[in-house]
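Before anything else, here is the set of structures, which you'll find just below.
One chain, subunit A, appears in both complexes that follow, with subunit B as partner in the first and subunit C in the second.
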Partner chain A sequence: MAGSLTEAVRRGPAGGSEPRPAPAVVRLLLRVAGVVARRALLLAVLLAFVFAAVELLPGDAATATSERGESAADLAERRHLLGLDRPVQTRFWEWMTGLPTGDLGTSARGESVAGLLDRPFPNTLLLGGLALLVTLVASVALGCWAAVRPGGRTDRAVSASATGVLALPEFVVAVALVLVFALWTDWLPAVTLTDADGSPASWEMLVLPVLALAIPQIGWNVRIVRAALADEAKAPHIETAVLDGLPRHRIFTHHLLPGALPTIAAGLATSTGMLLGGAVVVETIFNYPGIGSVLAGAVTDRDSPLIAGVVAVTGAVITGVLLLADLVRAWASGGRS
Partner chain B sequence: MTVAAALSTRRGTVLRVLPALLLTALALAGPWLVPHAIDAPVTAPYAEPGGDAPLGGDQLGRDVLSRVLAGGRELVVTSLLVAVLVTGVAALLGAVGALRPAVGRFVERAADVLMLLPAVLGILLVTLSWPDGGRLAVVTAAVVLGVPYAVRLVAGAAAPVAASGYVEAAAVGGERLWYLVVREVLPNLRATLLALFGLRFVAAVYLVATAGFLQVGPQPPAADWALMIRENSAGILLNPWAVLAPSIGIGLLAMSVNLAAAALVPATGRKAVPAL
Partner chain C sequence: MYLNRRQVLWVGGGIGAAALLAACGDSDEASSKSPAKESEKPRRGGTLRVGALGRASAITRDPHGTQANESDYLIISLVHDTLTVPGTKPNTLPRLAASWKASDDLKTWTFTLAEGAKFHDGTPVTAEDVVWSLKRLRSTPAGASRLPGIKPENIKAEGDGAVVLVSDYANAELPLLLRLTTFVLKKDTAEKDLGKAPGTGPFKLDWFRSGNARLVRNEDWYGGDVYLDAIEVKIFESPQAMANALLAGQIDVASNVGAVAARTAEKRGDVQIVRRPNDMAMPIVMRTTDGPFADPKVREALRLAVDREAMVKQVLSGYGTVANDILGTGDPAYAKDIPQRTRDLAKAKSLLKEAGFDLSKTYKLLTTEDIPGLAEAATLFTSQVREAGVKVEVVKQESATFWEKTWLKGDLYTTYWGTNDSVAFFASKTMVSDSGQNEAGWKNPEFDAAYKKAMATKDAAERAKVLHELQQIEYDESGYLLWGMADGIDLAGAAVRDLPTLPGYGRVQLETAWLAR
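Right, the complex of A and B next:
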């Protein structure tokens, strides 16, 4: 406490003689670089954590795929083939340095994890990306609609249904959607058929999986949008704008929404992880050709290197989205911290 | 607030907590109410409802009603266990974090890192790396993944308490850290901790049910709602109830628990967005 006080006193009068601050562009670049470096470091820590989890928990890829009656020598042989007999530091170094180059390690069956994921993963990203888009549009629209008249009938109905759906597991939503839209009314297909290059054959097959993923997240984000708008509405500059007699829609689009934007972006960024995790579940229901179907095989094989690779790739994607949210916040705050 | 208003608020809270309590009790008592054995066929596979089996048969012809009654206990018990553990660990760590800022910063960073790991993938990572872990693996994963967020919430609520005069007085008086945490800080966070427990139960139901659906939780022939949905989805056209009934079970449990958790959030610190 005393240290910071003397610091402030020393700085106060000497402020004029300090070197001039760097130009705005340099400051902005430094700021962006700092944000990127911080996110990259967090991702690296996650990857180390993933390696440690696979390493420290009992059982490894060689025992997981062992068949009954297999001798210890066979096991040691496969452990050698998979490179599991080398020192742990070597394998950790290889895993960490391989990741940035796209090498995600070797699955328990001895295949390249990157090779197993390179076709399904874009499909999962498409599914998750569409669900995120639907979530964004629906939650901002519903949140704004509810916020127009706080405490009104619309507000209560929207908020109550949002609370109702946000805790539902995706597979329960998916079952309900399949029953209603595929089996009873026959409007949309219940399973995804793929064409020759392994992607969904038509857009209709994406509708139900995207909805099953998006509905719980819409519930979650509607509440965030609604709360962010309510917080922002209490800010003094909104009152000033109202007293100045600006039209309501202009206050909404030019004063209220920009202020609430960082919170909304952060909420959506949080949803990205839920969407990618939920995609694994939803894909198995709709037989969608994404990482979910790859992981369903990993469950039967107890293939831990494969799931570690999937976690690494999704971690990188979520890092990217969080980075965007960071930049939105930096942009919206206009250089103020 | 008048006495009448306080009473009516309290009655409102009770009314909103009640469905969750009833459903939890029913799920816990369910295995004693089953009309048929849960592991022996009584009908043809995917038989339609009727006669002896009011909800029809499942993929092996076992009674769906019996399996639905029996299939909620494991989910509820595991979720309650996860919620209790997460709340307990988070309460201690959060209070310590509020009293010792270095610990608080460490937990903050841990939450930032875990944000990159979707809970569903985290639970798969742990259960696949630990094939013999069984229920313990699911509980461990759910606790590890849930604690950092919960600590954040507790630390936020504990910060003003930790800065208050009587805690400072006790600290200056030479009381040990555990005494400050257990006797000075935590008793003042009862309302927050109760709400946190509710929110963690919601999150645990989601996670444990999803683990069951991904076949890394209970294994066949166990009766489990999430596993039933997975096993019987092939016959959804023949006997929809084999899938629909457990879905309704999980859906109602998730919704009622969420309703209760929302009602438990203290009115003064109530935010529209509880941190799950």
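Right, the complex of A and C next:
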């Protein structure tokens, strides 16, 4: 997915199908709009798939929210109240038409979906955003450090531990962090509790969840940064720069790093999806008030509007990040040619 | 709000989650409160931070809705009062209804409201408010099972201070059935105001956000002294995280956290383990109408083949008690004198032979992982009955599939119930021939007659006698194999005093709790 915009951006100018090229900015905007439209369509298809998939699961929201002992008539009434007696296409269409106005529908328990997500979603964004930031800083720093002397002791140590942690599932990291930093040493809170406005009660509560999410991703991205820099180091223009006698740090910051940037951006973009996926597990372990637990519960309840609501907002964010990464890549590779 | 099936999936590791309807404990040996020191006098003040299980997706604010979240139910029941509440002995105590009396045919029940009961905004509670609330409850899809036998038009006010309910049939257990769902709101409360509607309970809502809430003391509560200044309810998706929060001192009580957490906490001197007996029944259901277990001898054989002590020890980590195949173990009328069944493999084998049971076949025991211990119990059961020559294999089903395809229909499956303080409750729900949830398809005219007689007997002592008869029939012939009862388990910090030890939803009665700090 990450490649498609770059492809489009690259193919565009090279293809030269337009007789008189429009100004660069306009072309870029048009292309961005095209990509956004395509991604939005993809998201809509995904949402249709969500509604269809929930239909295929055994049971429905009416049985999931019923109590033992309700008669068939009671269940039928419940189904009617939830609108489940209408065909799935109708329900999907109704839900989709509400989407542009920000109306995400009503959950199986009669609460507004937008209301159920209005605190959890920003909380998850905060968690995921901080984890992405930590991942970015740590992986670039460590990757560069390792790449300075390829094959050196630092390189071997960093690369080996990176491989080690990238193989660790988030929940292992999370459980270990709680054990060490909360239960044994009592340095940091074990779980996240919220205050009256629904956000974490103190910043300390964010430390462990962010680390639990970031550590496996750092492992992954360090490998990418290190490999991208190594590849770039073999490029002829770097050799020229070295032969020209430019200072090492200048070669690094002005030649090596910009060249490796597209690959690094793509790696981080992939991590976004992984971070949001990992958030489901990490939120449960730390009782973090995000959308992970909303999603897990919604699937159990066959609560289509709620599942679709979560997919829609997360999908929008991932799309946004991928777009950004593609733009960075397009810009970085464009700048080189 | 009895068993709520699917909603229990989220609990994963530790509790009987959504499944519980309160009940009351058979607390002969257990004290009725948590390990408070006898000499201590309750102290006023402090904020109690309580963790309770719940999923963000299932949050509901409607007191008459389906509350799958223990956290939601806890908040609702501290803010709003029901007509009656669970107790130990008797199992039904007055709350908003100060007293009740029945007509001689046990069909017409008059409930007198508590003197001085007021909503949090100062307005007195009237019979009209109660009638409106009960009618609203009755009109929900779950209404017919929550107010069984009561038609909406048969809920009436009698003056300002009493409410009359007329049942379609004699029902001696009506006050018991009103314990957990009959929350009273002001007449004509709008749907959109349900979340902030004033209640009559021991605590007032300060704020609610995403499943968490802060409640402050209702200084004017008619029900007695409330010691805590405030209660903060924290919603937890997993029992594991809740236990961690308690061990790290971030909360004071981990409500219904389960045996796994209790085992971890056993080594900690600064954590109290509160055991609430008779919290959860996990019987094995054997179909009585047809199939391989239709012969009572076969059922008797399986009941003799199971090693109950081992089940309690291994499946419940010892946090439970051995049971005797009679459901409703917490009932004051529970027949303790019926001899305890113990393992007798020789007799089991001879019964199977007499019945001509096919030992060459492998039978399927269907189960789910809805609540902790259920699938484990099934597995241990199969290895135990193997010693009597019966081959059984465990088949785990996804929850939704189980409830749709197996429940009420299967030959051999596990079930679970969280209302365990009434023998009559189980009889009416699952054992009378025409009961809606006759899990084993059991039809026994003698049992039906005993049940009818008990429900129409006004004198309590006389009724207890009939109920004893009923339990004897159940013990001898029903489709249930009830090997044990799981304790409900809460963890509490060292300073917490007087937590309730009632099973099921009785655990929400935190108005008597206080802090020794």
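Here, the second predicted complex is superposed on the first by the 298 of 337 C-alpha atoms of A that agree within 3 Å, B and C clash if a C-alpha of one lies under 4 Å from a C-alpha of the other, contacts with A are read in each partner's own complex, and residues count from 1 in each chain.
Here is the rule we go by: a contact is a pair of C-beta atoms (placed from the backbone, for glycine too) under 8 Å apart; a residue touches a chain by one contact, two chains touch by 3 or more.
Since we're looking at a predicted model, the values are computed, not measured.
Under the clash rule set out above, the superposition-derived model of subunit A with subunit B and subunit C contains a clash between the two partners. Residue contacts after overlaying the shared chain place A:L57 against subunit B and subunit C alike. Legend: residue contacts after superposition of the two complexes on their common chain; A:V45 is shown touching subunit B, with no touch to subunit C. Residue contacts after overlaying the shared chain place A:L183 against subunit B and subunit C alike. Once the two complexes are laid over each other on the shared chain, residue contacts for A:P120 go to subunit C alone; subunit B is not touched.
In the superposition on chain A, A:L243 contacts neither subunit B nor subunit C. With both structures placed on the common chain, the touch criterion links A:G164 to subunit B but leaves subunit C unconnected. Judged by the touch definition given at the top, the superposed model places A:V191 against subunit C, while subunit B stays out of reach. Legend: residue contacts after superposition of the two complexes on their common chain; A:S304 is shown touching subunit B, with no touch to subunit C.
Judged by the touch definition given at the top, the superposed model places A:A72 against neither subunit B nor subunit C. In the three-chain superposition model, subunit A touches both subunit B and subunit C at residues 57-59, 63-64, 178, 183, 284-285, 295-296, 298, 302-303. By the touch rule above, subunit A contacts subunit C in their complex via residues 57-59, 63-71, 74-75, 77-78, 81, 107, 109-111, 116, 119-120, 178, 182-183, 186, 189-191, 193-194, 196-198, 283-287, 289, 291, 293-298, 300-303, 306. The residues of subunit A lying in touch with subunit B in their complex are 42-43, 45-46, 49-50, 53-54, 57-59, 63-64, 159, 163-164, 166-172, 175-176, 178-179, 183, 223-224, 226-227, 230, 267, 270, 273-274, 276-278, 280-281, 284-285, 295-296, 298-299, 302-304, 307-308, 310-311, 314-315, 318-319, 322. Listed in rising order, the residues of subunit C touching subunit A in the complex are 1-7, 9-10, 55-62, 65-66, 68, 141-142, 144-145, 207, 209-210, 212, 214, 234, 236-238, 240-242, 244-245, 247-248, 250-251, 398-401, 403-405, 429, 436-437.
By the touch criterion given at the top, residues 109, 112-122, 124-126, 128-133, 137, 202, 205-206, 209-210, 213-216, 226, 229, 233, 236-237, 240, 243-244, 247, 250-251, 254-255, 257-259, 262, 271-273 of subunit B touch subunit A in their complex.
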